[in-house]
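Shared chain: chain A. Partners: chain B in the first complex, chain C in the second.
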Partner chain A sequence: MTLLRHTPAEETARREALTVNPAKTCQPIGAMYAALGIHRCLPHSHGSQGCCAYHRSTLSRHYKEPAMAGTSSFTEGSSVFGGQSNLLAAIENIFTLYDPDVIAVHTTCLSETIGDDIPQIAEAAADKGLIPEGKRVIHCNTPSYVGAHTTGFSNMTKAMVDYFAEAKADEKAAGRVNLIPGWVEPADIAELKRLVALMGLDCITFPDTSGVLDAPLTGAHEMYPGGGTTVDELTAAGDSAHTIALGPICSGAAAKALQAKCNVPQTTLPLPIGLHATDRFVMKLREFNGGHVPAEIAAERGRLLDLITDMHQYFYGKTAALWGDPDQLVSLSELLMSVDMLPKYVVTGTPGKKFIKRMGEVLGDRAHDCRVEQGSCADMFMMHQWIKADPAKVDLLIGNTYGKYIARDEDIPFVRHGFPILDRIGHQHMPTVGYRGAIRLLEQILNAFLDRQDRDAPEASFELTM
Partner chain B sequence: MSTETDAFSLTPDQAVTSESVRDDLLKVYPKKARRKREKQVLVNRKEADGDGVVSLPQVGANVRTIPGIISQRGCTYAGCKGVILGPTRDIVNITHGPIGCGFYSWLTRRNQTQAPTDEHDNFMTYAFSTDMQDENIIFGGEKKLRAAIQEAYDLFKPKAIAVFSTCPVGLIGDDVHQVAAEMKEKLGVNIFAFSCEGYKGVSQSAGHHIANNQIFKHVIGEDDTSRGKWSVNLMGEYNIGGDAFLIEDLLERCGIDLVATFSGNSTYDQFANSHMAELNCVMCHRSINYVADMIETKYGTPWIKVNFIGAKATAKSLRKIAEYFDDDELTQNVERVISEEYPAVFEAQKKHKPRCEGKRAMLFVGGSRAHHYQELFAELGMKTIAAGYEFAHRDDYEGRNVIPDIKVDADSRNIEELHVDPDPERYDHGRHNQALARASDGVAFKEYDGLMADMPDRALVIDDINHWESDLLIKKIKPDIFCAGIKEKYVVQKMGVPCKQLHSYDYGGPYAGFRGAINFYEEIDRMVNAKVWSMVTPPWEDA
Partner chain C sequence: MPKPTSDIPILEDRKAQVHTKGAAPFKLACEKHSVAGAVSQRACVFCGSRVVLYPIADALHLIHGPVGCAAYTWDIRGAASSGPQLHRMSFSTDLREKDVIYGGENKCEAALVELIGRYQPKAAFVYATCIVGLIGDDLDAVCRRAGERTGVDVIPVHSEGFAGSKKDGYSAACRAIDALVGTSPEPKPGLGAPPSINILGDFNIAGETWVIRDYYERMGIDVIATITGDGRVDDIRRAHHAQLNVVQCSGSMKGLARLMKEKYDIPFTHVSYFGLEDMSRALYEVADHFNDPDMKARTAALVRDEIGAVMPELRKYRDALAGKRAAVYTGGAFKAFSLVRSLRTLGVKTVIAGSQTGSPQDYQKLEALCDEGAVLLDDTNPLELAKFIDQTGADLLIGGVKERPIAYKLGVAFCDHNHERKECLAGYAGMVNFAREVHHSVCSPVWRLTPRGCRTAAPDASPPVRPLRRAAVRRPAPRPALRTTPLTIGAKEVAV
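The block that comes next holds the complex of A and B.
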C-alpha cells in the first residue's frame, strides 16, 4: 500500500496558502543548535515550553544525544502581561541549578508577537543581581514566522559576534582565521578544523558543535561536554586576520557583522561539499599560509578523483531530486554535476534572494534541465508531484529522513543528507565536507545505485564485480 | 504493610533513604522554586488510621512548570494535535501558525494506523500548515487559513478538516472557529477548529481537554447507526507501536464490538458513531476521562477503567468488560481467549523473570504510563522505586475521590468546561439502569485509585520531574532501568543506565495485551542485561 496515496501526479493549481510536507522548519531550532556550539552554554527558548520540547526532541532524535536547553514556560498570563517575570525566574534558576557560562536566549513566535525586549530583560536580571560574576546572557530574535530554521541559526551565530567579538590588538593575528562552518554536522566541523590545521593555520571556529553533540559514553553525563567555542575565543575572533564563512545563508551575516564591528575581512564561500567547493576552500586558506598545500591534502584530493574515475560509469547521466537547505543544496548539486549526474528537481522552503542564481551558476548549461522552487509552498509534496508526473522519475533522492516515504512509494534509491536524519546513524560521525567527506557521500550514492542494480538484475546479468 | 524482610529500599545496600534523597533534591533550589517543588517531590507515605483506612500525601500536580527548569513537558498544541487527534487517519489536520509546530508533530508520535485499502483515506503521513508569515501576524491570518482549507479540500476532498491554533493565533485574534464554520457551510464537509495555543494550561494536558471538547461537540453523535449487544469504545489508547492492533484482536476474538478507539487506529466515522456503544472503557484516564464523562451525561453510557498494559491487567480488564455485560456467552469467550494467550505468557515469564527479578525501575512519563507500566515490571519481579507523571493531575496520583477537593487554578479555569445535558432523544436509560444494576453487584464504575495507591510505601513520587532531579536521582540511586522520553534518554544512558522510552517505545513494541507483555519482558531483559553496561569503565582505569 502506498504511504503518500493522496499525492496526485499533476499540479492542478499552484497552492498559495497550504504548505504540505514542508522542506523547512522554524527559526528557533536553528538558534538552539547554534548556541549548543558555544562552550558551557545553555540555550534558552523564550516562549511556550512546547517549542523547547519540540526542538530538543528533534535534535536528540537526529544526534542520538542529549540536547539540553531551558524554556520560559509561558502561560496564558505571560502571553497577556509579557514574559519578563518568566525570563527573570529562568535566569535565576538556570544559573543556580545548571551553572552555564552563557545563557543564549532565542525568542519564539509567541514572545515576538508579544514584543518582549530581551536585552531590556537581561539588563533587569543584571540589575537584580541574577547574573553571577563573569557569566553572560546573550540573545537573538528568532520570530518563527520569518525565514526558516537556517535563519535562526544565522541569527544566533551573528549574536556571538555582536555580544563577544572585540578588536583588542593593534594588529590582526597573522596566520589565524575565523571559520564559520554553517549548519553542518559535528563531524563536518571536526573535519574542517583538521583541514585548517593541516594548512598550518590557527583557527577560531564558531559555532562548534563537535565535542558537544557527539559526546562519548563515560558513565557520567556532562551537562557541558568539552567541545564548543569558548567565550575567550569568540572575543578573540575580533583580532583574527580573516573570516571564512561557509554558506551565505547560515554564516554570511555573522562574517559581515564581524567585519563591520572589528574590521576583520571576510570571504563567504559555498559549503565545501564536493571537489570544487573544497578546492575553493583550500585555495582561500592558501592565501593565509604562504601558498602552501600539504601533501596529505593533495593526496586526499587525489583519492577522491580516483574514486570518481573508478566508478564514473555508475554516476554518469543519473538524475536526482533534492530538498533541504539552500547552502547544502547548492554544493550538493555541484557535487552531482562534477560526476556527470544531474539534479533534476530541487526544492527548499527557505527563502533567500540568491539561491536561484547560485543554482543557475552550479547547473551551468544544464540549468534548463533542472526545476528549482523556493519559499512559500515549495515543499516535498510539490517535489513528489513532479516526480510522479515524470515518466522517467529520478534515479536518486537526497534529503532528510522524510524522503523515505517518497522513496518507498516510488521505489527510488535514497541517500539521507541534511536535517533532520531520524532513522539512520553515521551523519554525526562521518563528515561529508572536504575531499574525504566527498568520498563518503559518493560512496553512499554508489551503494544506493549498486544495491539497486543487484536487487533488480536478471539472473544472467547479475554481476560479481562492479 | 511492609514487614522487616521486604522493607522498601531505594538501593540494595539501603545507603540512602527516600527522605534523604528528597532533601538532596530540594536543597539546591532558589527559595521560590523550592517552595513549589516541595509539593511535587514526595515520599509515598501510606498512613493507615485506626480503621485501617490508608491515606496518601497530597501531591502538587497540574501546576505551572518553573521557568528555566529543564522540564519533560510539552505544550497544549502537542497534547491536542499530536496526542489526541494525531492518530485519526482520515481527518486533514491543518496547523494554523508558523511552520515549526506542524513540522515537529509530523509523524513523530508513532501512532500506527491501518487503512483497509489504498482507497481509504490516510493523511497521517502528511503535514499540513498555513506557514504563517510576518504579514499574517500583522494583518491577521484568517484569509490565509480560509484559502488553506479551500486548497486542502480541492486537493484531497476529505470527509473532515480540523484546524489547530498555535501560539500567535490567539494573540492576534484570528477567529478560527468562525472560519471553520464558514468553510463548513461552504464546502459541505465537517470542519472544526481547536483553540489549542501552546501557552494555554500548564502542559499538554490542557490540549487533551480542548481536543476532547471539540470532538465531543463536533463529531460524536453524528451517526446513530446501532451497534452490537457487547459494544464498547476504547478510550485513551493511542496505538503507539501497534498496541491498539493487539487490543482490537483480543476484543474481536471475545466477540466484543469495538465501535471506536480514542484515538489509536481511528477514523472520523468511528468517533461519529461512538455514542452508540454500550460501554466506555477508559485506558489513559488523564487524557480522555472528559469525553467519557460527557458521553455518560449526554447519552447515558457508563464507563469503567481498564488497563491493557500487563498480562494480569489485560485479563482483569477483559473480565471487567464481561462482568459488565453479565452474559455467560461473553464470559466464556473471555475465559477462552485468556486461556489461549496465557501459556505463552507463562513461558516468557519463566524465561525472563529470573534474569530481571529484584532489579529496580524508575518511571517518569506521561499521564498514565508511569502507573500502568509498573504492572509489567512487577510481572518481571522488578520493583518500581520512584515514579511520577509528566502532565497528570492529582486524581491520577491519589485517585478520583480527590476530584471534589482539587483547587481549580487560573490556568485550568481558562480551559473551557463544556456544559452537557442529557440528550432528550438519545439518552439511553437502559444503559444507565444496566450500570446501576451492575454497580449494585459490585462492578466499579468511574473508579480509578491512581498511581500512589499501587506504589510501595516510602517510594518516591515526583511530579513533573526535571533534569536536575532525574540527574541526581540516578547518581544517588543508580536504578537498573529508567523510563522516560527522547529528551531524557541519552542523558540517562550517558550515565551508564539503560533508558526505555515509554512514549515511542524506542521504535519497538507493541507492549499491550498478552503478546505485548511478552515483547516487553524480552525488551527489558535485553536492556538490563546488555553487555555494554559492563564495558563503560576502560581497562586502564581502576574500578
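The block that comes next holds the complex of A and C.
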C-alpha cells in the first residue's frame, strides 16, 4: 500500500467549499507566537481549552521548547453568557501564580462570535484591582475565520504598538531604529539584530522571540526565559527615528500604526532572504548611520557571492515548488530567481490582495512559466495535483514539514523552510536571513541536489569531486 | 517522611487537586473544569473525538469549522493502518467570516458530496467545532442530506470544543461509532460460533493493535473489530456480533462498551496492555470469560513463552535502572496504573503520578498503587510539574508532547507514552521497548552535562584523577589578576 496516494493527477473542478491539506492555519497561533516575543509575557487564549493546547503543542513540536500560554477554558456556560467571568478569573490567577509583566490576550472564533469585548473586560479587571501595579493586559482580535496564522501574528504585533508605544521625547532618537522582523525564527531575529548592530545603530526589535524559544538549557524550568522585547523598549519605540518593517503581511500594519500614533516614519521591506532583499535591508540601514557599511558585512556579502559563482552550474534551470507564508515566498522566489532557478509552483493559504502582484514583480518575464495561487483552496492538495500532472515535475520542494508526503510520493528533493517544521532541526539555530542566512539556504538547496545526483548517478558517472 | 507540598505555589482553586500520599488521608478533587488562566495541559471536546475516531482508516473525516482545527490534527497521531491511509489527509470546510454570518450548512454539504464522490469512503464522520455549535448549523440535517445524495453513511460528531472536556469528546465519538454498530447486513453467527471479541480503546500507535490482536488470535479468539486502531467501517458495523468487548484506556471507549451492553447485551471487561502484569492479566481475564480449558492452556503457554522471551533483556535494564525515580503524567489515569506497575518491574519508583482526566475511582486506585510520599496530581500545569520534579528528584518524566521540553529543560530523562511514541509499547515486546526507551534516556550520558546531572551524579561518577607526577615542576609565572567570569550553565560554574 502506498503512503497517502490520495491525490488524483487530474485536476478537479475549482473547489469552493473545501480545503484539503491546508497551507495555512488559523490566526490565534500567530498571535501566541508574536506575544512570546515580549519579555516576561504570558500569551492568553480567550476561548476553548483545545485551541491553546493545539497551539502550544505545535509551537513545542517546532521549537522543541516549552511554549507557555494560558486559556480562558470556555464552557457551555461561557458560550451562552460570554467569557467575561472566565477572563477575569484567568487574569487574577495568572498574575497570582505566574507573575508575568504582560498578559497578551488573543481571541478565538468562539469568543469573537459571542462578541466578548476584551478591552472592556480588561478594564473591569483593572477596576476590581486584579491587575497589579505596573502589570499590563493587552489584546488583539484574532477570529479564526478571518485571515490566517500570519494575520494573527500581524495583529498581535500591531497591538504592541497600540498598547505600549509612546512619543515622549521632543525629538526622535537619532541613530535608533525600530525593527519589526516579522514571522521568522529566533535565530533569524538574532541575525538581524547582529546586522543592525554591525551597522552601528541602536535598535528596538519587536516581537523578539530570540532568547525565548531558543533558550539555553539551564537546568531549571523557566516560565519566562531571558529574551523578548521589554515593555520599556516597546514604549520607547515611539521615539525612534525610523521603523523598518520586514514583510508587509506580518509587519506592515504595526509599522503603519506606529507612524500614525507616534509619527515614526516607516519603511516596509521584503523579508531579507537572499542577496537582493538583504542588500535592500542593508542599504536602508545605511541611511541612518551616516552612509557607512562595515567591512564585515561587505565580506559576508562577498562570501555569499563567492558561493553562488562557485556552484552556479548546479542551480541553473532548476525548478522548485514552494508553499508557506506570503512574506517568505516572495523573498524565497527572488532568491531562487537570482541563481537562475524557477519557482514554478507557489501556493499560500494566506489571503491578501498584494501577494500575486508582488510575486509578479519578482518573477518578471518568467511569470508566465509559473503558477501562483492563494486563499482557501490554495493548499497542499492543489500543489500535489499540479506536480502530479506535470511530466517534468519539479526539481525541488521548499516549504514546511507537510511537504514530506509529496516529497515521498513524487520522489523529489525537499528543503524544509517555514512553519511548522516538525521533523528536522536546524531552523531554530541557523538563520536564513541576511547574507549568512542565504549561504545556509543555498547550502541546503545545493546539498539536496548533490545528494540526489549521487544517489541516482550510474556507477560510471558517480563522481568524487563535485 | 513525605515532604509537605506547601512550598510549591499552587492556585488556591487547585489545591484540592494535589495530594501527597501519607501526608494526609487520601482526598483528591478531580473531574473539575480547569481553572481559567492555569496553563493546563488539557485539550477540548473536539480533540477527544478527533483522536478516538481518527484511526478509522477507510472513513472520511471532515472537520467543519475554521481551518485551524483541521490543520492541528492533520496526521497528528501515529495510528497505523494496514490498508487505506485516507485518515491521514486533512479535510476542512475552512469556514470564513461570511459562513459565520450566513451559516456553513451548504458549504459542509457541498464538501461532503465532493469528497465522497472522489474517495468513495465506507462512511464519513463530520466533526462539529466550537463555531458550528454557536452559529447553529444543523449538522444532523446536513449529514442526512449528504447521506441521501451519496448513499454513504454520514455521521455527525457533536464535538463542539467548549461543550465539556476531552472526556465528553470521547463520549461524542462513542455515540458516532454506535451509529455504525449493528448496521452490517451479515447475519449474526449462531450458537457454536468460535469465541469472539472486539478490541476497544487501542489506537494502533506504532502498530500496537496488531500485537494485541495476534495474542488473542493465538488464544483461538476471533477478533471482529478493532475500535478504533487500524479500524474499518465494515468491522464496526458487525461489531455487535462479538461475544465480549475488551476495553482498554480508561476514558475513551467505556461509553461504547456500555452502549453495546445495553443494546446488544455484550459484556465488557477493562484491561491494559502495558507491562507484563497487566498484559498477562488481560489475556487471562479474557480466557476466563470464555471458560474453555483448551483456551486457558493456550493462554498460559502464550504468557509463559512471551515472558520467558523478554525476561533476560528486561533483567539487564532493571539492573541498570534500579533505584531510579519517575514522574508519570498521562491523559487518562488508567494508563498511569500500568506505568506505575511497569516501572516497578524495572525497579523504578514512581514519585509523581497524575493525569489530565482521571476519575475519583481512578485516583483512589492510583494512590493505593503508589509508594508512600508519591505526589498525585490532577490536571496539573508546567510550573507545578517542574517544581514537583525538582522536589522529588525524579530522574524520568513520562508524558506527551507538551511535557517533553519541560523535562529536558530540567535535565531530566523523558519517555513519550502518548501520541508521539515511535515504538510499540504494548504487549510483551512492547515492555522491552519501553524498558529500552526508559533505560536509554535515563542512563544517557547527556544528563551528566546538565546542572541537575552535575548535582546528583558528579561525586561518584568521576573519581578524582591523580595527576602524573613529574620530577621537577616548573611553576608558571603568576598571572596578573583579571576580573574573570566563569563559564556557567544555569547559575553553576562548569567544571572542566
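One rule holds in what follows: the second predicted complex is superposed on the first by the 465 of 466 C-alpha atoms of A that agree within 3 Å, B and C clash if a C-alpha of one lies under 4 Å from a C-alpha of the other, contacts with A are read in each partner's own complex, and residues count from 1 in each chain.
What we mean here is this: a residue touches a chain if its C-beta (ideal position, glycine included) is under 8 Å from a C-beta of that chain, and two chains touch if they have at least 3 such contacts.
Given the structure is predicted, the values throughout are model-derived calculations rather than measurements.
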Based on the superposed arrangement, let me know which partner A:134 touches: chain B (first), chain C (second), both, or neither?
neither
Scan A:391 for contacts with chain B and chain C and give back first, second, both or neither.
neither
Return first, second, both or neither, reflecting whether A:47 touches chain B, chain C, both chains, or no partner chain.
both
Between chain B (first) and chain C (second), which does A:146 come into contact with in this model arrangement: first, second, both, or neither?
both
Could you tell me if A:90 is touching chain B, chain C, both of them or neither one (first, second, both, neither)?
both
So, does A:64 touch the first partner chain B, the second partner chain C, both, or neither?
both
Take the contacts of chain A with chain B and those with chain C, and give the residues found in both.
1, 3-6, 8, 12, 15-22, 24-26, 28-29, 44, 47-51, 53-58, 60-61, 64-66, 68-76, 78-79, 86-87, 89-94, 96-98, 108-110, 113-114, 143-146, 148, 215, 217-222, 349, 376, 381, 402
State the interface residues of chain B toward chain A in the complex, per the touch definition above.
28-30, 32-33, 64-78, 94, 97-108, 115, 117-118, 121-123, 125-134, 136-137, 144-148, 150-152, 154-156, 166-168, 170-172, 197-204, 410-411, 414, 467-468, 471, 485-487, 489-496, 536-537
Per the touch rule above, chain A residues touching chain B in the complex are 1-6, 8, 12-13, 15-22, 24-29, 44, 47-51, 53-58, 60-61, 64-79, 86-87, 89-94, 96-98, 108-110, 113-114, 143-146, 148, 215, 217-222, 349, 376-377, 381, 402, 405
Within the complex, chain C is touched by chain A residues 1, 3-6, 8, 12, 15-22, 24-26, 28-29, 42, 44, 47-58, 60-61, 63-66, 68-76, 78-79, 86-87, 89-94, 96-98, 108-110, 113-114, 143-146, 148, 215-223, 349, 376, 381, 402
Across the complex, what residues on chain C touch chain A?
9-11, 13, 33-47, 65-74, 82-86, 88-97, 99-100, 106-108, 110-111, 114-115, 118-119, 129-131, 133-135, 161-165, 382-383, 386-387, 401-402, 404-406, 408-411, 450-452, 489-492
